[in-house]
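Listed below are the structures to be examined.
After this come two complexes, each holding chain A, first together with chain B and then together with chain C.
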Partner chain A sequence: MNLRTIAIWAVSVPLVIAALGFFHQALAAAGWIAFFTWPFYFEVILNGLLQGVMYSLVALGFVLIFKASGIFNFAQGSLVLFAALTMVGLIEMGLPWPLAFVATAVVMVGVAIAVERVVLRPLVNQPHIILFMATIGIFYFMDGFGQTLWGSDVKVLDIGIPKDPIFILGGVFEGGLLVQSFDVIAALCGALLVAVLAVFFQYTRIGRALRAVADDHQAALSVGIPLKTIWAIVWSVAGIVALVAGIMWGGKLGVQFTLALIALKALPVLILGGFTSIPGAIIGGLIIGAGEQVAENFVGAAIGGAIQDWFAYMLAMVFLLFRPQGLFGEKIIERV
Partner chain B sequence: MLYREAGQFKTSYAADQSLFPIAQDKWGVVLLLAVALFAVPFMASEYMLSSILIPFLVFSLAAIGLNILTGYCGQLSLGTGGFMACGAFFAYKLTTAFPEVHIVVVFLLSGFGTALVGILFGIPSLRIKGFYLAVATLAAQFFLIWVFNKFGWWTNYSPSGVISAPPREVVPGVVVTGASGTPEAKYVFLLVFVAILALLAKNLVRSRIGRSWMAIRDMDIAAEIIGIRPMFAKLSAFAVSSFFIGIAGALWAFCYTGSVEALAFEINRSFQVLFMIIIGGLGSIMGSFMGAAFIVLLPLVLNNGMLWIDPTISVALVAHIEFMIFGALIVFFLIVEPHGLARLWQLAKEKLRLWPFPY
Partner chain C sequence: MSQATASQTAAPELAGEAAPAAESARALLSVNNIEVIYDHVILVLKGVSLSVPKGGIVALLGANGAGKTTTLKAISNLLRAERGEVTKGSIELEGERVQDMTPNDLVKRGVIQVMEGRHCFEHLTVEENLLTGAYTRGGDRAGIQQDLEMVYGYFPRLKERRGSQAGYTSGGEQQMCAIGRALMTRPKVVLLDEPSMGLAPQLVEQIFEIVKRINEQEGVTILLAEQNTNVALRYAKYGYILENGRVVMDGPAERLRENEDVKEFYLGLSATGRKSYRDVKHYKRRKRWLS
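And now, the complex of A and B:
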């Protein structure tokens, strides 16, 4: 991203937020939606953004694998569920949570290596769509496996993150804006994770190898980068990202089957941000999170609610019609 | 020995291009249909009819629909459940608003209605492909289910949201829908209906339009260059596929479960049908039937197998192990035989032609 793009974003984002605000205000004035106040609007957006970071956490795992191997890993959601289930299971067995975290990370690396060995290696050179369907198979398998191992009850995952409501910006708005401290901490963890990944990709030897593989498999192979090792590493990193996402989502909603479906929400995030871009995953997540909350709280309340079930997908679909490669994706060039 | 085409000469192109060029195939299918139509309804138990054969026929039709879109035209769709729900609710609204209209006409009309919805959600396919499109079809899935859940108009403002399919007669005196129809009547009706639609699909995919779908699937840019209109090909695939899937949804609600509810058409239904065509064989009408049979039978076999091994096993555990085996089978099939059961059947036939001699 160069300075010009950043400048465009810095100007356009507040403009879009303000325009949407005025739009909803006009709708409220016309009596189409029940009520609208600016502090509430900002509160909704803020909470949406925090929610969006959680989506980005899941989306990150997709992007990592897509960048390195061109595989659209549908199983990421079940990895999130599996990681969270394993972590809870280990904590229930009496391990303190940092130890359980490390143990689960080891398990996820094991899963990653197994996936590479059993599924990906025999399917090398198959069309992408076949690989995609294979990951749907992995999705089902991991889903069943995790629940066979650890049971299907809703479990509480508590690693000591406070869940108190806090008020911020009390000086600007009367009464301040209400946010959950858990969401804020989750967002900070997400930001930290992204920073660590960025450094990892940019400055380490393995990171450089990963970028080379993402660029061109054959060229990477010919300069001596071991493709199989790299894939195992990428899946491991994605597994650990899934673990962090699992802890955050599990802490928020409880560890249960629906976690795997929440990961489906990461798909529109990816589409919006572009499959190959880590900043895209973050910004896509923020847009989807905020857009969804605004739609649900203002328009959704007027037409019957629960529109957040599909709003993200519709937004992504309409967006795709105009920009098929996503916000930050590489331009799609096709040759016969 | 028996399966050998020696001596069967074709004297015209029409005979060469016929649906079953080998006489044994033709007689085999006729025999199969005759047994299914005249013997099975009298011999099979009620359980066999209503929990195996009827869902098998309904799923076969849905699988044919998805196979047209994904297997023949190469457009991956995860919105099957949503389109099935469309068919079911369209049929319900039509038949409650116009009870005098014949039920077959209602099913066909709801199929056409679903086709229109399919075209609408197929529009993104003109710009995007592959898994981008899969995500766009997820929009159809979630949006359509939401619409049917949210607005009471679709259920005629029934307070529970679960409505039973009204009884309708196909010929005077024979009720084939709802709870009052006998399984035998439903089965025979479904068999005839699905057989006719399958014949239609088979002929469609080997016609001009079917060939244009396959050209788009194999390489869309190349197809465009040789003069196939991608817009027409893709949207027609969406329309025809949704037509079949919509009718399958209506049959599901009216003839199989007897109740019309959006819950039956959640995202898992979409995956289930997708698995059928992967296991059965992408791009094969025959494979759709095989895949449907496999996916309908597998849970029953697994259930009974596990209960036989350990009678105290919990229902939840059985469900989870079922998930695992499903997932593993998908991966297994994709690795070992990406063309599915249909391809295995074809290989078996090749072997059979020479049997009992080695060559």
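And now, the complex of A and C:
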């Protein structure tokens, strides 16, 4: 991302939001959709963006592993579930939540090392599809193992994040915009996590090695970067990202089996943002979050509802047709 | 061409057993009769032996597919990542067997390969590329900074381009970047694979000149695989010629340059002087009729 792209985005995003607003206003004027008001529109967008951060959190885990090893890690969703289950289990055993968080992080690092030892190391240099199949195996194993350890009941994960509705921007809009404080805090945590990851990747020795491995496995090997260590680190980081995502999603939906399936929600986010880009995962998540909320709230009622369930996939499909590398997918550098 | 002995001294037949041992004592790197098989079936090297003296420049010459790259990869042990294996023979670095070590261990011991086709990290800047070379050295900040300046001293061009993504630099700059990255590991021996590939003759000359200076001033030993026989034999002190996975000839660079067969097959010269273009064409045309 250079300054030019940032400038383009800074200009085009408000334009697109405004254009979509006028579009819906026109639809309402023509009588195709029931109603349209600007405050409600902004409220929907804002809540959509906050929802989008949650998608980004899951997508982030995929991007990390895909970048470093070229594997689409199907098991990321089950890592989220496993992390959330472990965290709840530890809290139920009486640990205060910060301690439980640290302990779970340690467990996730352990899982990462085990995955590298048991699954990835024997399969090194196999075609990617075989590694992908292996991650499906990890998915089912983690899914079952987590529930064996901690039980399969729906659990409440509460680490004391307030869930009250709050009103913001009361001065601009009459009555202000209604948002959930939980969503705001989740978004802030997400932003913090991304900032930490960005610094880690950009300025540390290990971060540099991770990016080197992502660029060229062989060259990385040739300068003495040990792939095995790097993979264990990447899976650990992905595990900790899964933990944060698990806390947020678990706090929202309750910790249960279906948590593992939010991985499927991350798929369109990845296609939109590009599999290899961390900013892409964030922005893809935001676009899909906002987009599906707008579609659901305005157009949804007119054509029967439940747009939310398929909107993201439709958007992803459009992207696959016109821009298969996604918005921020790694540009293939080609010199003539 | 006949199979030449690995030993450059004309040792008597009976002393043949003892000679390699004595040689490996003074050689920095010695490769003894190795055989390499890819994928358990494809036999690529059929007994290659060579020895690289400390502080020397040794060239591995030969056509495409002769086994130059495989020999280098066997030494740096990048073979395993391509499902290749050294099945016979041994590779020794200062008398220590190194063929079962990981590339990470080898880099720590001072063996580094600059791969064919540069293989810079495209999305990292030139300076970040150089810094990845210092990965195995951990947190030695002062030393790394000092070596960075040393590399910029040899390649001033890299200093100018330090902030650009390596993927957007020219082929020559990428080659410099790859060599510089290797120097950042503080190597004893650099395995340089095909540094002239895809570069203009002038640039090739310039890069070889720098490599020679690095060899002399930093005391870094160079093992070089090249198709550009002419340039390689001018800068190297000793050469091995590979064909079909075997060493078919070896000797000091000057001797190889004078050799009639080498002249004809690798330098495009023959005893009757350079063939005129018309003869070459005629020869090719006839051959096509016959086949």
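Criterion: the second predicted complex is superposed on the first by the 330 of 336 C-alpha atoms of A that agree within 3 Å, B and C clash if a C-alpha of one lies under 4 Å from a C-alpha of the other, contacts with A are read in each partner's own complex, and residues count from 1 in each chain.
Operating definition for what follows: a contact is a pair of C-beta atoms (placed from the backbone, for glycine too) under 8 Å apart; a residue touches a chain by one contact, two chains touch by 3 or more.
Keep in mind that this is a model prediction, so the values were computed, not measured.
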Query: For the overlay on chain A, clash or fit between chain B and chain C?
result: fit
- request: Based on the superposed arrangement, let me know which partner A:Gly224 touches: chain B (first), chain C (second), both, or neither?
  value: second
- request: Could you say whether A:Ala30 touches chain B, chain C, both of them, or neither, answering first, second, both or neither?
  value: neither
- request: Scan A:Met93 for contacts with chain B and chain C and give back first, second, both or neither.
  value: neither
Query: Regarding the shared-chain residue A:Ala212, is it in contact with chain B (first), chain C (second), both, or neither?
result: second
Message: Looking only at chain A, is it chain B or chain C that touches more of its residues?
response: B
Field: Contacts of A:Leu3 with chain B and chain C, given as first, second, both or neither
entry: neither
Field: Least Cα gap, in Å, left between chain B and chain C after the two complexes are fitted on chain A
entry: 16
- prompt: Looking at chain A, which of its residues have contacts with both chain B and chain C?
  reply: 335
Task: Would you pull the chain C residues touching chain A in the complex into a rising list?
output: 76, 78, 81-83, 102-104, 106-108, 112-115, 119-124, 128, 131-133, 135-136, 138-139, 165, 167-168, 170-171, 181-182, 185
Field: Touching residues on chain A, where the partner in the complex is chain C
entry: 124-125, 205, 208-209, 211-212, 214-226, 330, 333, 335
- line: So, in the complex, the side of chain A touching chain B is made of residues 72, 118-119, 122-123, 126, 128-130, 132-134, 136-145, 147-148, 151-152, 261, 264, 267-268, 270-271, 304-307, 309-310, 313-314, 316-317, 320-321, 324, 334-336
List of chain B residues in touch with chain A within their complex: 74, 76, 123-124, 127-128, 130-132, 134-136, 138-139, 142-143, 145-146, 149-151, 219, 221-222, 225, 267, 271, 274, 278, 316-317, 319-331, 334-335, 338
